[in-house]
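When the chains are written out, they are named A, B and C in that same order, and each has its own residue count from 1.
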């Protein structure tokens, strides 16, 4: 079974490598959105520092939604999803592998460019550290919940806008705790509590969303 | 499977049950809501701080409670549909969602209208209003998902999963928003939920709550019936029902 | 005892009854040709048969037990070639087959080139599948019939977009499979010229 699962992971990584250009687009969108804010609200370092955490997290949510459909859309359209469902593997494990591959290929690049944001939005080093930790814990949660949303909208010809509509309200707690962690870091306060809550949410999602996603995938096949 | 639930797995039986319950719900809602509103709006004592403007709670509080109640009912229906594969439960999800959304909207609207005299502005990012707003978004998501599917059977199943995901998330959203609110606003805005409320105010409030609950129930039942008829249009039992009616007319 | 047994299947799609009371059973060496006009529910029946979707009522039994009892065991004995071939357009023929073998847990044969050769895919094996013709893409999907040994093949329109050479090749492979005691359920719009015994099941279009 492990061999089957690593085979799946390898396939998704190979596919991502083949479609590099497509993966770059959300990343560039992310950078553009971030640089719109100084243009919109003015370049004052104090203002930027104040709105920075919120802006970054909102931009992360929006740009990750852009590439979210990649999770299952192609597999659904070309019939690979059927083959996965008939492979004898538990579907929720397949979902976990898909989510892991998605996180590695679509979300990790966002984390890699994040030092740039610290410069753009005038974040202090402690703030950046908090931001990075919140991203590390929070974005897997984003991928997990996103997978459920994508699976739910698979049966539709176009699920793009609807997907955001379904997912964004669900991600409100993540936004609140993540930005508050960075805010706390700005005030030199401890932000372990916020991180612990995000971690707990992540574990909850890890336990529940693969089941929900697997079920939604089955519904999409009906 | 629950023995008593089983007969209603058949849509036809569920339809009959709805037909039996609907008049009772309609009458009960009128019996509770009319006296409750008259009592609350005209006879109950005015609040010593807020004057008459507080009377909006006779609509605001019940609708806010029911917006959550309807969501729970929807989630229960979704759960039943998911676990026991009962078609009429899936339909119930689609039937309840718009009713719940309307309740949420009423709660938001009355909350905003109450905010105008109290806080001097229509909208305040108060914890309860904010969670209510997100609840409305969740409702809209479920409705939009259902509406987008051409295949309503698939759509109602998807909407059911969404409702369940939402109900797990709802307490998390609620507490995170509350926490966010205290963080950003401190205790400048006092809560309205008073530990003690005068019995003269409580009784009409309870009546209004019960009345509105029956309204929600009646509307949901009515929508569920419509949904059943529309979805099973080609089934013999609907044909027979339609045939019987046209004979009577 | 028959190996695959279908009892009283009914299917409702978009609130329309596609079929009901569908019964058949297959023994080793049987081939069933599913016929019927577009929209009669052939694909839906195949999808129920492999366990992708649930019937409204009725059951599919494999060796006497419902398939939902041990899906993994059933799927090990099954190859499904669907309406959508399951070939990723960004990957090459060789990669597509390799990842499918990984997924099914079967070893990729050493002489994959001779297989690709007989399917007319040599020289194209490293091109992304998007650059191949529709028939070539479907041939990639059909190559699976040579890669995994399974008792039951469920094939949805396997002859679509294939040239005459490929059709002959596929038929030979199917004969061989039946000779080894395999079973086949397939749909096909063309009437099937078949040397051996052919069971047929006709689905009507209902309103």
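By definition in this document, contacts are C-beta pairs under 8 Å (C-beta built on N, C-alpha and C of every residue); 3 or more make two chains touch, one makes a residue touch a chain.
None of these values were measured; they are calculated from a predicted model.
Trainee: State the pair with the higher C-beta contact count; candidates are B-C and A-B.
Mentor: A-B
Trainee: Closest chain to the protein's overall Cα mean, using per-chain Cα means, please.
Mentor: When every chain is reduced to its C-alpha mean, the one closest to the whole-protein mean is A.
Trainee: If you take the mean of the Cα atoms for each chain, which one ends up farthest from chain C?
Mentor: B
Trainee: Return the distance between the CA-based centres of chain A and chain C, expressed in whole Å.
Mentor: About 37 Å, centre to centre.
Trainee: Report the inter-centroid distance (CA atoms only) between chain B and chain C in whole Å.
Mentor: 47
Trainee: Using mean CA coordinates as chain centres, what's the gap between chain A and chain B in Å?
Mentor: The answer is 32 Å.
Trainee: Got the chain C residues that touch at least 2 other chains?
Mentor: Residue numbers touching two or more other chains: 54.
Trainee: Of all the residues in chain B, which ones touch at least 2 other chains?
Mentor: Expected reply: 151, 153.
Trainee: For chain A, write out the residues touching at least two other chains, lowest number first.
Mentor: Residues 222 of chain A touch two or more partner chains.
Trainee: Which part of chain A faces chain C closely enough to touch in the complex?
Mentor: 1, 3-4, 6-8, 10-11, 14-15, 18-19, 74, 77-80, 82-89, 221-222
Trainee: Write out the stretch or stretches of chain C touching chain A in their complex.
Mentor: For this pair, the touching residues of chain C are 47, 50-54, 71-73, 75-76, 78, 80, 82-91, 95, 99-100, 102-105, 128, 141.
Trainee: Which residues, counting only chain A, touch chain B once they are in their complex?
Mentor: 145, 148, 152-153, 155-156, 159, 162, 165-166, 168-170, 172-173, 176-177, 180, 201, 204, 208-209, 212, 215-216, 219-220, 222
Trainee: Show me the residue ranges of chain B that touch chain C in the complex, using the header's touch definition.
Mentor: Touching chain C: residues 85, 150-153, 231-234 of chain B.
Trainee: Over in the complex, which chain B residues touch chain A? Could you list them?
Mentor: 82, 134, 137-138, 140-141, 144-145, 148-149, 151, 153-154, 157-158, 161-162, 164-166, 168-169, 172-173, 176-177, 179-180, 183
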